[in-house]
Structure formats: C-alpha cells, structure tokens
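Quick heads-up: structures coming right below.
Below are two complexes that have chain A in common, paired first with chain B and then with chain C.
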Partner chain A sequence: MAVGAIVHGTPSDAHDEPVDSLYAETRDMRLLGFVLFLISDVVLFSAFIFAYLYLRNSVPQWPPLGADGKQLPRFDTLFAAVNSVVLFGSGATMHFALESWKHGAKKAFNAWMASTIILGSLFLAGQAYEYIHAKVTWAGSTIGASFFTLTGMHGFHVLVGVIYLIVLMGQANSGVYTKLKHFGLTAGTLYWHFVDVIWVALFTLFYLI
Partner chain B sequence: MEEFVGLERGVAMFGGLVVGTTALTALINDWQATGLDNNVTKLMLGLMVVGCVLVVLTAFHALGAPSV
Partner chain C sequence: MAVAAPAHANYHDHIHPEPTNFVQKYIFSLDHKIIGIQYFITTFIFYCIAGLLAEVIRVQLLHPTGGFVSNEVYNQVYSVHGSAMVWLVIIPMLTGGFGNFVMPLMIGARDVAFPWLNMASFWMFPVAGALLFSSFLVGAPEAGWTEYPPISLQGPPGTSLWCMAIFLVGVSSTLTGINFLVTIMKMRAPGMTLTRMPLFVWAQLATAMLSMVATTALAGALLALFLERTFGVPFYDPSKGGSPLLWQHMFWFYSHPAVYIMILPAFGIVSEILPTFTRKPLFGYKAVAFSSVGIALVGFMVWAHHMFTSGMVPWLTLPFMILTFFVAVPTGVKVLAWIATLWGGRIRFTAAMLFSLGLIATFTLGGITGVFLAAVPADLHEHGTYFVVAHFHYVLFGGSVFGIFAGMYFWWPKMTGKLMSERLAVAHFWATFIGFNLTFFPMHWLGLMGMPRRVPIYDQQFQSLNVLASIGSFILALSTLLFFANVAYSLTKGKKASSDPWGARTLEWMISSPPPYYNFKKIPSVLALPYDFGEPLPYVGGDLIRPNPQSKFAGE
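Presenting the complex of A and B:
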C-alpha cells in the first residue's frame, strides 16, 4: 500500500473522460505503427553493430594498434556502468510515470516525468564527459569510429527522447491526454524503454567484451 | 578518474541493485497484462533487468576488462 502510494500518489486529481470511438478504433493501429517504427530503429542499430563486429574481427587484436604502433586503450568500464545505471533508472521512473497517469495521479506523474527528464539529461552529460576525455578519436581508428558512431547515434536518440518527454509532459498538463486516452504517453514510454535496451547492447559491446 | 573509482563502484553496485529490483518488481506486477504495448514493455523491462545484472557484475569486477 505504502509503495503503491509512493509510485502512484494520491488519486485525488483523477481525470476520467470517456474514450471516443475513433480513438478506440485507431489506437491499436497507431500502436502497431509505433512498434514497427521501433523495429526499424532496431534494424538501423543492428546494421551498425554488425559493421562494428566485422571491423572488430578483421584485426588480430582488440583494441587495435594506434598510429604509434601501441595498442589503443579500452574505455572506462566503471564510469560507463554508473552512466548505465542513470539511464536504466530513468527507464524505471518513466514506467512509474505512465502507471501514475493510468491511476489518475497527476502530481506523481509530473514528479516521475521530471525525474526521467533529469536522469536522461544526466546520462547525456555523462556521455559528453566521456567524449571529452576519450583517448581515441573518430578519425584515428576503427574502435574510435565505431564507438563515436554508435554511441553518438544512441545519444542522439536519447536527446530526441528528452525533448519528446518534455513535449509529452507539457501536453499532459495542458489537457491533451486523459486517464483512459493517453496513447502519446504510452508511445513515449515505449520509446524511452527502447533507448534503455539499445544501451544494454552497446554497453556490452564496447565495455564488457 | 582514479580518485573516484571507489565511489563509481559503489554507485554502480547500489544503483544497479535498486534499479534492477525495481524493474523486476514492475515486470512481475505487469506479467499478467495483455496487449501489444504491455507485451513490448515486459520484454523491455526484462532486458533492463539484464542490463542491471551486467552493471552489478561489472561493479564486482566479474565482467569487463580493467579500465585505462
């Protein structure tokens, strides 16, 4: 009960409205369209990941040798682990934000959404810090090119996601969504979970193996 | 960053456990939910739990090469 109150807040500000027939009829189609969009994004990342794996397996040792003949360094695993926790944490807060909205708790929704936006921004700041202190460059090696391309593409998705969440929060507070009619929030949650899951793959590929 | 290694390990360990447990709890609570959106959410929550396990193992030095 106590955990439920923390997650969902008080339902005093519930906002019920009947679902119109057009919304009910098109929701499933829009949801399918959005899931197909996410799948197309998976394909995009997969293409780059396989290119990275190909490059990785085309040299006798990894990380490869630099221009000076010395082996290039690995990335800071522990820092990336902390940054990963920040991003995964934002996935959890986003989940609670949607659940709060479904339970009609607008204040809790706003708190969880704000937390998600802050954590997403923190992740981006962490990634910027890592880029500034990276010991490889984009043009200097295959590991640098792969790292900056893939994590940069992911970071761009996170940046778009943060902007998307800010827009969704604004829409929710200006009455665009109701307790029963909130497809935009569902799509935003799916998108945010998606960028989390892509990071699991990138974290494994660049830092763990 | 050498001076922050202990702090980083602590944050990764604690954060990974908290977020992983939270995601697992959410996954268990949503397990009976049906529909495309709920099923995709369950899949992604599951993968998020896997990510948290990887982070915790990294913090324990069970995974990942030594940082440079």
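Presenting the complex of A and C:
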C-alpha cells in the first residue's frame, strides 16, 4: 500500500518514509502470491481434464468398453449430487466463518469453522464410500484412470484443506489473527472456494455429461 | 555489518536479519544474492556433467560403427544430456541464477517477495539433479529428453527417477515464477513504472508468467506417466485405450513455452549489454519490452508444430504452422532493435559484448531454421533428422548459453567484487564461437542429407561431417576450461571492481560490488529509463554511488 502511495507523491519524499512500510511482506503481496499459486494449481487440474476429454473423444462411445467387451457403467449421479451439496454447503459455512471473524464474533466463527471442517470430512467420507463401491478400477480403463486420478487429486486437496482449516482454527483461537489482520483466514477461505470450483468442473465432467 | 551507520541502524530489521553463522549465511541463506550464486555453482556443476555426456555422444559418432558405448548406454546418454541441459542448466541458471541475483537489484528491492520460498525452490533443485544423474545407477531413461510413450513406458527404472526429478524441477520453477511475479509487480522502487523497468526485468516478468502457468501442465503429464509406469494406470498405452499422442500434446504444451523460458532471459541480458557497450539507448525500448510478452503469449499456441509427423489430425497442422510463423514477428522486432542499437554506436568489444553479438548472429540462424521447420512441407522431410539437432543447438547454445556467458562476464564484477581477465575472456569467446559453429553447422547438412538423430551408428557417407562436428565439440569443451580458469584467476588475483566497471546505469551498478546485505540503504526513486547515457542519472534520493568521472568508461 505504501509503495502505491509513494509513486504518486513527489520523489524526494521517498527516503523520508520509514523503510519498513516499503519493504515489509505486505498483505497484497501475499494475496497476489496465493492467487498465482491457485492459478498454477488450476493448470494442473486442467492438464488432467484435457487428458480426460482427449481420451473420451478418441473412442466411439463413452464410457468405453471394459476388458470383457461390455460397456462400462456410468457413475452414480444421485450419490455424487448429494455429496456435492455437502461440499458446496461447506463453502457457504466457510464464507460465514470469515465474515464472523471480520465482525469480531468469535463464538460464531468457531461454530462455522467447525461445521466447515465437519462437512469437508463428510465429503471425504462420501468419496471414500464411492471409491469402495466403484464398478471401475484405477488401472483397468481410461475412464477409471481419469476418474480416480482427478477426483483423487481433488480429494487430496480437500484433505489438505481440512487439515489447513483445523490449523487455522487453532491459530485463530490462540490469538495469531486479529479482526483486521487475518490473511491466513482469507487464504484459507480462498483455498476452500477454489476446491469447490474445481469440484463443479469435475462433477459436470464425470456425472452430468 | 560494519557499514551500518547508526542513523539507519534499523534498515536491516526490514528484511530478514543478517545471519551471523556460516550455515545460515551460505547454505540455507535467505538472501537472493547468495541464492543466485548457489544456483550458478550448482548449474555449472550440472553443465559440466551434461557437457561430458555430450562428449560421449560425439566420441561415439567419430566412427560410423560407433563402438565407444553400447547402444543402450548411448540412448541413456543423449536422453540425460538433453534433460539435464534443459531443466538443470539453462532454465535454472537464467531464472534462478540471473533472475535471483540481478532482478531484485535492478528494481531497487532488498530481496524477492518470499525469501523462504526462494530458498525452498533452490534446495529442490540439487535434489532433482541428484535424482536425474543417479538414474544411471539403475538404468537411465532411454527415450530422449522428450520421453515419448510407449518407449518411455517400457524404459528402464531410471525413467521413473527422471519423472520425479523433472517434477521437482517443475515445482521449483513454478514457485520461482510466482515469487518473481509478485516481486516485480509489488516491490519496484518508487517511480519505477512498468515502462521504466530495465529490459532484463521485462524478460524475467514474461518468463515468470510462462513458468508459472506452463510448468504445472508438464507436472500433470509427468505425474500421469509416473502413475502409468508404477501402477499401470492407462493414460498413454494404446493397448489399454490410452493415447501416446496425449503425452505429446501435454508435453509440448509445456515444452514449447519452455523454449521461451530458456531464451527470453538471455534476450534480456543482451538488451542490457548492448546499450552499455554502444553508449546508446536501446532502440525501440517499448517494442523490445512488449515483444517479450508477445513471444510469451504466442508461445502458448504453437506447441503442435512439434507433432506434424505424429499422426495428429491433419487439419490442425495449418493453423499451427501459421501461428508458429507469427512467433518470428516479435523475435524479429528484437533482432532488428538490437542491430539498430549498434548503428552509429561507440562499440566496445568486451567479452560480454562479443558474446551478445555472437548470440545475435547464431540465434538468428537458429531462428531462421526454426521457420523452415515450422513449414509443414519442409518439416515432413527434416523432422527427426540432424537438421533439428542443429536448429535447437543454435537456439539453445547459440542463444541461451551465449547469453549466459555474456551475463556472467557482465555481472561477475558485481557478484564477486573482482574483475575477470578480459584477454582470457575474449579468448574464451572466440574458442567457444569457433568450436560451436564447427560442431553444429555441419549438422544442418547431415540432416538435409538424411542422417536421423538419436542413432549410435550411421551410414559411411556421413562420417567426414561427423568427425568435423566431433572435433568442434572438443574445442567447445576445452573452451569452457578457459572460463573456469578465468573464474579461478579472478577470485585469486583479479583486480578489485569498482561499483560500476562498465559505465552501465541500471540500479545494481549504483551500489558497491559486491552489494551489501541490504542492497540499498535507502531506496532511491526512479525518474526515467536507465539507458540515456548523455543525461544525468535518473535517480533521486537513496544513497547511490555516483560513477567516478575519472573512470575509463564513465561520462562517455
């Protein structure tokens, strides 16, 4: 913020400015860095989504034929839809958690955070259930390869997110963040929404089309 | 440090405090200058190893029946040579090395945005090198640096180590890209608007965007290859419904932009050196700056020109051919701007300048053969021949490595505070220039005559040109020793460098050589571009060292 202020001031002001405001690691640096990290993560998912669409378009029918020559089944859309609602719900609770923190409502913050963590874990449990009952295997077909790799990568991101949220909750309660300075919580929220958005794409690709 | 004047005793509070013990200072350092030098040391070690691998290739090809190493080992040698030169030498040296050491100084910053991340990015990199070179112990990858499946799926166990090593380099490269982008966008000195940035910083900006976006796509491709090799997950194996072409698309979506990751910083180095040694502003500053970004953008849309003979959908070849021709436009803008800078300038042929001029000549040749290869009808004939090998060595050695040496001679006094021997450096240039052209020029003919690349034995008719190329490569290898001799000479007996031995005007030359830990005691403000040699310095405030009017080059 101070950098911008000085650019528009007269240049001779510059060295009167205390140095720390110029060269501390500022919030907008962290924010830009974190957003760039998320963009590069989107590219990683995009690479596998490209692979999925490429393999899907290289065969006459989808799902492809299994080893026995019969067409493989589609995934259970209803179950995944319910599980998606759980994940999107956690996006909403995360939003309320951050808002509560900004308004200084610590109790509400803890309640919303806890529900986000629980919903996130529920989603992971749902995904585990789906993996166990899946009718395709990871190494058996291209649909299985794409499905388990992409949803597995996403699930890994959710798992990391849940752990991250637990850490954030602990930090918030031990006084690391204040009402005004809470970049960690902002980053956690961004990350959690990012995980949601990726799931919108994966749900559409594997269950709807 | 003793330099700390009491009035400014608190400046070092605002970057990480200066370390006092050896490990924090030189091993796990947070200082961008030390990390830059760590990159240089590691990459030059890898450069020597990968260079020796190249010599194995050239010794093998002295005779049409080979016989120096077995066919399998030969395949491993050129695969690791290519991978190491691309990922362990050129990319990290130009971004991690020069980017780290020079870029923050040029924008008037005390460090990069995230010093911890910077240190982590560096330390991933020697680990990746160890993984890649240790693959020789279990059977190194055999399918070339591009590792096309299905050959790479059947390759020796070292192929999986290759995947891990390149994945790790990719993570390091992505994190460095993020770090540099934030640094350039958020940490420029007051008054340094985007269009007052030195051109090397523009080049780093374009490169950071490329490495941030493209490298994760490669990480995806590598992860899929690793999963398929380890767990049999079908992505690329056609017998299980996968597609080898998929790998080629994913690989080249990264690896074509990677070509620009390897050349743009070298262009940036040349764009700094030419004005300094012609005493003229760079011709067409904005055109050169924006052409870096232009190359970066077009570079994302041309990857399938590597795949004209792969059996890809035929109608795609035409748009990819035309788009590839478009890359020649911003590149041509740069070359013409450089030549216009030389026009009427007072040229001083220092080693850095000679390497820059050498780059303009050899890179242009490599660029032109690139246009040949982009033309589908010509490519159908030349693909997979030594013509391609000649082309990319003119671009990557004649471009990137010449740029690296130009930058080394230019910034060496700033890094070490010592001057190198100009005489030895000029000798190094001529030996490199002659050795390089002797090695790679005959490969154009070999390719057009039909000699395929990646073969351990060849037809009798190709022998004389191959012997010529091998002799050239021996000269090239020996020329590198002149550089290392110069390093040793400079570090032991070199003259002390002033803050600005070349009369250059970007910010890094306005502080002592080597720069103090905090770089700038007070951050200066920038009023204009740094290239107007007739004008007073465009900086106010700060505590800059003004050029000594008695010095040889100052005030010209």
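What we mean here is this: the second predicted complex is superposed on the first by the 184 of 209 C-alpha atoms of A that agree within 3 Å, B and C clash if a C-alpha of one lies under 4 Å from a C-alpha of the other, contacts with A are read in each partner's own complex, and residues count from 1 in each chain.
The criterion applied here is as follows: a contact is a pair of C-beta atoms (placed from the backbone, for glycine too) under 8 Å apart; a residue touches a chain by one contact, two chains touch by 3 or more.
A quick note: this is a predicted structure, and the numbers were derived from the prediction, not measured.
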Which superposed partner A:Thr26 touches (first chain B, second chain C, both, neither): second
Partner chain in contact with A:Gly91 - chain B first, chain C second, else both or neither: first
Partner chain(s) touched by A:Ser40 [first = chain B, second = chain C, both, neither]: second
Which of chain B and chain C A:Ala51 touches, first, second, both or neither: second
Touching partner for A:Val59 - first (chain B), second (chain C), both, neither: second
Which of chain B and chain C A:Val167 touches, first, second, both or neither: neither
First, second, both or neither for A:Pro73, with chain B first and chain C second: first
Which superposed partner A:Ala81 touches (first chain B, second chain C, both, neither): first
Touched partner set for A:Lys135, first chain B, second chain C, both or neither: first
Common ground on chain A, meaning residues reached by chain C in one complex and by chain B in the other: 28, 32
Chain A to chain B touching residues, read off their complex: 28, 31-32, 35, 38, 73-79, 81-82, 84-86, 88-89, 91-92, 95-96, 133, 135, 186, 189-190, 193-194, 196-197, 199-200, 203-204, 207-208
Chain C residues touching chain A - in the complex, by the definition given at the top: 10-11, 13-15, 109-110, 113-114, 174, 177-179, 181-182, 185-188, 190-191, 193, 212-217, 219-221, 223-224, 227, 231-235, 240-243, 246, 249-250, 253, 522-525, 527, 540-542
Interface residues, chain A side, partner chain C - complex: 3, 6-7, 9, 11-12, 14-15, 19-20, 22-26, 28-29, 32-33, 36-37, 39-41, 43-44, 46-48, 50-51, 54-55, 58-59, 64, 138-142, 144-145, 148-149
Residues of chain B touching chain A in the complex: 1, 5, 8-9, 11-12, 15-16, 18-20, 22-23, 26, 36-37, 40-41, 44-45, 47-48, 50-52, 54-55, 58-59, 63-68
